[in-house]
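Chain naming follows the written order as A, B, C, D and E, and within any one chain the residues start at number 1.
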Amino acid sequence: MKNMAPTEERVGIVVCAAYAEGRRIGDITLDEIPYALQREDSFVWLGLYEPDEALLAEVQARFGLHDLAVEDAHKAHQRPKMEIYGDSLFVVLRTARWDESAETAVYGETHVFVGRNYLVSVRHGASQTYRPARLGCERQPQLLAHGPSFALYTLMDFVVDNYFPVLSDYEDRLDDLETDIFAGGADRDSTQEIYELKRELVTFRRAVLPLIDVCTDLISLRVTHVPDAVRPYFRDVLDHLKRINDTLDTMREMLATVLQVSLALASVRQNEVTKALAGWAAILAVPTVIFGLYGMNFERMPELHWPFGYPLVVGATFAACGWLYRRLRRSGWL
Amino acid sequence: MKNMAPTEERVGIVVCAAYAEGRRIGDITLDEIPYALQREDSFVWLGLYEPDEALLAEVQARFGLHDLAVEDAHKAHQRPKMEIYGDSLFVVLRTARWDESAETAVYGETHVFVGRNYLVSVRHGASQTYRPARLGCERQPQLLAHGPSFALYTLMDFVVDNYFPVLSDYEDRLDDLETDIFAGGADRDSTQEIYELKRELVTFRRAVLPLIDVCTDLISLRVTHVPDAVRPYFRDVLDHLKRINDTLDTMREMLATVLQVSLALASVRQNEVTKALAGWAAILAVPTVIFGLYGMNFERMPELHWPFGYPLVVGATFAACGWLYRRLRRSGWL
Amino acid sequence: MKNMAPTEERVGIVVCAAYAEGRRIGDITLDEIPYALQREDSFVWLGLYEPDEALLAEVQARFGLHDLAVEDAHKAHQRPKMEIYGDSLFVVLRTARWDESAETAVYGETHVFVGRNYLVSVRHGASQTYRPARLGCERQPQLLAHGPSFALYTLMDFVVDNYFPVLSDYEDRLDDLETDIFAGGADRDSTQEIYELKRELVTFRRAVLPLIDVCTDLISLRVTHVPDAVRPYFRDVLDHLKRINDTLDTMREMLATVLQVSLALASVRQNEVTKALAGWAAILAVPTVIFGLYGMNFERMPELHWPFGYPLVVGATFAACGWLYRRLRRSGWL
Amino acid sequence: MKNMAPTEERVGIVVCAAYAEGRRIGDITLDEIPYALQREDSFVWLGLYEPDEALLAEVQARFGLHDLAVEDAHKAHQRPKMEIYGDSLFVVLRTARWDESAETAVYGETHVFVGRNYLVSVRHGASQTYRPARLGCERQPQLLAHGPSFALYTLMDFVVDNYFPVLSDYEDRLDDLETDIFAGGADRDSTQEIYELKRELVTFRRAVLPLIDVCTDLISLRVTHVPDAVRPYFRDVLDHLKRINDTLDTMREMLATVLQVSLALASVRQNEVTKALAGWAAILAVPTVIFGLYGMNFERMPELHWPFGYPLVVGATFAACGWLYRRLRRSGWL
Amino acid sequence: MKNMAPTEERVGIVVCAAYAEGRRIGDITLDEIPYALQREDSFVWLGLYEPDEALLAEVQARFGLHDLAVEDAHKAHQRPKMEIYGDSLFVVLRTARWDESAETAVYGETHVFVGRNYLVSVRHGASQTYRPARLGCERQPQLLAHGPSFALYTLMDFVVDNYFPVLSDYEDRLDDLETDIFAGGADRDSTQEIYELKRELVTFRRAVLPLIDVCTDLISLRVTHVPDAVRPYFRDVLDHLKRINDTLDTMREMLATVLQVSLALASVRQNEVTKALAGWAAILAVPTVIFGLYGMNFERMPELHWPFGYPLVVGATFAACGWLYRRLRRSGWL
């Protein structure tokens, strides 16, 4: 492990490095892994991106990974979870990124194998590279000296920190929706937006919620793979997740209320429209009745022969309409 | 057990085979079962399809099954469950298959008795044969060597894998429903489809949900019938079930929202219709009033004698209607 | 206990018999109970129906029952429960029977005291006699040899089996309701039926749900009054209760959905009616306006003097109405 | 303690008596309490009603009560709870009484301190005197010999028994509400009554529900202040509370359903009214159109010159209206 | 520690004092802290307000605080929680204050570090000073002698006591809302107020609810940082929190009911309006039909030639209208 050769540029391998006492010794090839694993206090960090079956099989052989976990890492489309296989952990994370053009979240998936002296991450889909996270923890060798479980924390922290902007964008969409509904009333578009926001929040929540169980397990003493000094770091991730979950719960509840409120506003609007309809019908009934009255063909209708009968009747009719209009206006029907 | 005769072709028996060290030794008859059971490291796999009472009684005697479990296996119509009878397990599964013509799921039922050295499956109703599952695990003798509990895993995995296409078909129906409602609005048919989909999802959920408890129990150390090396396989089934359950939960929640959204859309539509009604009533009030006015029989109505009174009044009336129409149109009432 | 006299015919006592090694030795009087209780491996089965206070006090003294339990058995109107008083159990069951004429369930109540060597049942109200259950378990002496706890199972099994027809009748009522609502729409009667069915299901559920806890307790090792060999029988009762409870949960959920669906259907119907109203108003506006037009009294209205003015105008009016009718029909307003 | 003087008549003290072996020895003054407390097998029962701060401080000093508990007892407005302070218990109860004139429940509060050899009750607000309860348990010296915890049971039993008439009166109000809604339909008053009943049930439930936890704790072996022989008595109180809670749950659920049902009935009613409106509009359209037709001023309208034109047209019009009325009636629009 | 110098006036430091045996010895500087910490039975109380990073780093160094906790205290925007770091506690509280002008609650945040012999509080945002709380507990030296955990209780008690006026102001807003809705019916403003109150209650609840877990943990024996004599004080805070939470639950439930009730009232109102519309349409149909009748131009209409035909017909028409009006009035349509 002394003369470490530069990493071969192999498709699917993003990084393959050896660490000792929290410091990066250098990049290694897959073939050098067994030598790197022998040394006490050192560990190997292998990052893969959508590896093909052959590469995954080779990695499985090198680290002795369980068939079922490798199968999950290959097929992806898993829900977030942590599974213990003997002395190694298998963690599945869903990564989220906001797509500005579509105004929606896009999801990726990361699978992490953590052993006594290795961490293997397998990245799928629309996730960002973990390079910033890796560089960040290389700057804290005293913490990275705790081994692969601290590296796992680094990845989870990175994933969870990326949830916050997504959450914030969804909060903006809910705010817009509220403004729309209270300003303009509920219409087709706002109703459909309620539905779509609901569906996206449910999807987002399914990325976040299972991670709470994962963190709780990593903190608990039952999982002996995490040194005591690293546990508070996972508790910090848990704390972030709880804050996200609280916000999601609030949004769910407010969204349900928005839907009910939009129904109530539609009822209020319907009342207004029907009252306006009734009010105008009442006003128009006046000329209809009076004009009908003097359209009758009786022989003896004295008013018809009055010199000012016509302007008088028309004037009285409009006066009655005006009076009725003011009265209905005052009582809130118009 | 050396010279194993070919299985008798008995109605109700699908397969009766002996396995040793994970490999199939050969088919046996019911009478040979006691000999097969004697040998260490071997087990008997007996598959039945809707057996009559006599056959079931014979099987009960051969394996020493409990009265209550056999009664369940005979009557069927059980809910999924796992029960421990001393050193044997009794598992009830509901199988699901999509009926393309009826666009609905069809259910069957399977009862499995698992002892130290036997597995007896009893299949009822519309379920597929377990032959592919059996052949599949015969190709992995190193795993089948773990004994009947691995065979049980094979069956459960097969049953649960068959839930996915059903789930996916239900998701299609929900998608169609959404498209219908947002395109054309809520009508009688979509409302009834919401109700029927709800009912079918509840039924499907009752097949899936209890299996989560069954798998959780099989993984827990409390159940000593499963070797440690086989537990991860049941955990994998559990993982699939949780994914199905998550999707079902999401669909339930979205279906409830669809119902509320369709109410909201109906309110929006009602508002539109009432406004249209009111708007047209307002427009039609103009000629009604004016034509009524000049239908009056007053002696002195100067306009009646104007040469162009008639076209003027009619023209003014239609102009007023046109102006009103444009105004109502602009303010969104028409 | 050899020369057992025939039971005195006392009001309130249905049966009082001694059993040894699972076989009925014979009927005894209340006074003979102490002798019967002395013998090892034997137990006394006493069945009461609405006993008066004096009889209950005598029975209490004979078996040493606790004041609080006897008070419950006397007053009835308890919720189903199991209570442990030292080495005896006190179980309260609600029995249900379908009243065909009223199309509703009728409830009774049974209180059971179970000691090391006795079972006392106290029956109230509309419940069936337990004679068939008692005869049934007398036919299985090898099971009845397990003692009074197996007799208790027999009673509970009998009670729970009688829930199934009630459940099925409620399912029929729900089916009828669905048919009504989707065929004819929601009206007063169907709305009231939803309410009443809801209320009755809640009542039925209160009979069933607490029994699940009772059975769970009887199965648990915490309750030492039940021999291990009898526990699977109570688990079987529990299984039936869970199936009933599942069905009740489904019915509750569907009933809640029916209520929402009936609201949605009323909205759909309201839309249809308002659209029809608006459509016909539009059609009728045509002759109203045109006939009003030619009712005006202008001197110079050339059409009035055309020879075929009248039939032309009337014909044109009806043609316009016809055209409007077809257009509204096609666009779904009529 | 031999020559026990008659109790001083001090404001705030309802009773102060010493008990030995379950029998009342006599009334004592506050100053005599230390002597009474010395004697083995005896205890002091002190009943206070809205004591002033000075009296409460004196009592605190006599019995060595904890500051926090005394503060609660002084300020009142606590929620029901039980707290353990070393070897003494502090219990808070809410008492309920039905106010016939206001048709609503009125609440009071009682605070009970229970030590090894004393019980101090502090009563606030609209609660009844505990005299009947005290006299009742003085009639059962063999039970009262269990000490202050049995006296505590007596008080709690008295409080809980007084919940039943309140519950029953609320059930009557719900019944009245149902009758109103199904007979006359939902109006402003019934809607407001739903709201008020809901609010009162929530308040009542907050008095009852925490007591369930209190009783459960008093029964559990964790609380060593209650002798085994007294535990079944608290279990009996728990049983009453569970029955009350069940009924309250049912009422809550039915009240929620009533609210939804009243919405559904309003929709049904709205449909009926709109259909009636549309139906009458249709009928009235007939004479409007026909009379308008013959009001036109065409020169050549042959019908106008028929000798029986007028009665014929009027007759035909009314015949058409009649026919339309019957048709609409039959199809349910009128 | 004898000659304690007056505290330097440093920005961000509100108080820095040493306490021994529950009594304040005097103010100290940050540099004197190590000496103060050496003495047995003494502790340091340091109060900060929005400290800059440099000050916080210095404090961290003095007390050996964990990086993650200090990071939280610096960034604020945490949810209420308690975390254990070895032998020190880290508690996050949300403080609430009612803003009279905006009629809404304003929130601040406090972070508390509690060690064996120190308490450091970091205050952010709109919270009140803790000076009254500190002075209050300095008046009870026998309690403060329990050390920093009693000081922590003092702060939490102060924070929670300040929730009550906020809660009471929200209750006033709900009362106003109820009065509005039952007096004037549901309109746009009341619907929006329901929504806003809902949102603010959810926010308030998120300050309160997690504190219940914090208190429960502080009471439990699992947390060894709190002496037994101090636990009842945290239980008292818990009791206050439970009362607040109960009230919030009630308000949530009533607010949800208000929303439904406002929908029901809108339906009732809609029915009234539609019935009024239909009723007036019916009344106006009478003159419309009759006046239309006598507007027809038939040659032979005998009534037209009656001398009193005109007043007779007009009179009969108005009489019919009057009769109809009274009938509709009586049947509740007008």
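The rule is simple: contacts are C-beta pairs under 8 Å (C-beta built on N, C-alpha and C of every residue); 3 or more make two chains touch, one makes a residue touch a chain.
Keep in mind that this is a model prediction, so the values were computed, not measured.
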Supply the minimal count of touching-chain steps required to go from subunit C to subunit D. 1
Once the contact rule is applied, which chains count as partners of both subunit D and subunit E? none
Degrees of rotation, nearest 5, to put the Cα trace of subunit A on subunit C? 145
What is the distance, in whole Å, between the centres of subunit B and subunit C, each centre taken as the mean of its C-alpha atoms? 26
CA centre of subunit A versus CA centre of subunit D: separation in Å? 42
Among subunit D residues, those touching two or more other chains are 260, 263, 267, 270, 274, 277, 281, 288, 292, 295-297, 301
Round the ring starting with subunit D, subunit E following: which chains, in what order? D, E, A, B, C
Taking the touch rule as given, give the residues of subunit A at its contact with subunit E in the complex, in rising order. 178, 182, 232-233, 235-236, 239, 242-243, 246, 250, 253-254, 257-258, 260-261, 263-265, 267-268, 270-271, 274-275, 277-278, 281-282, 285, 288-289, 292-293, 295-301
Subunit B to subunit C touching residues, read off their complex: 66, 68, 72, 78-79, 81, 83, 85, 186-188, 191-192, 194-195, 198-199, 202-203, 206, 259-260, 262-263, 266-267, 269-270, 273-274, 276-277, 280-281, 284, 287-288, 291-292, 294-297, 301, 303-305, 307-310, 313-314
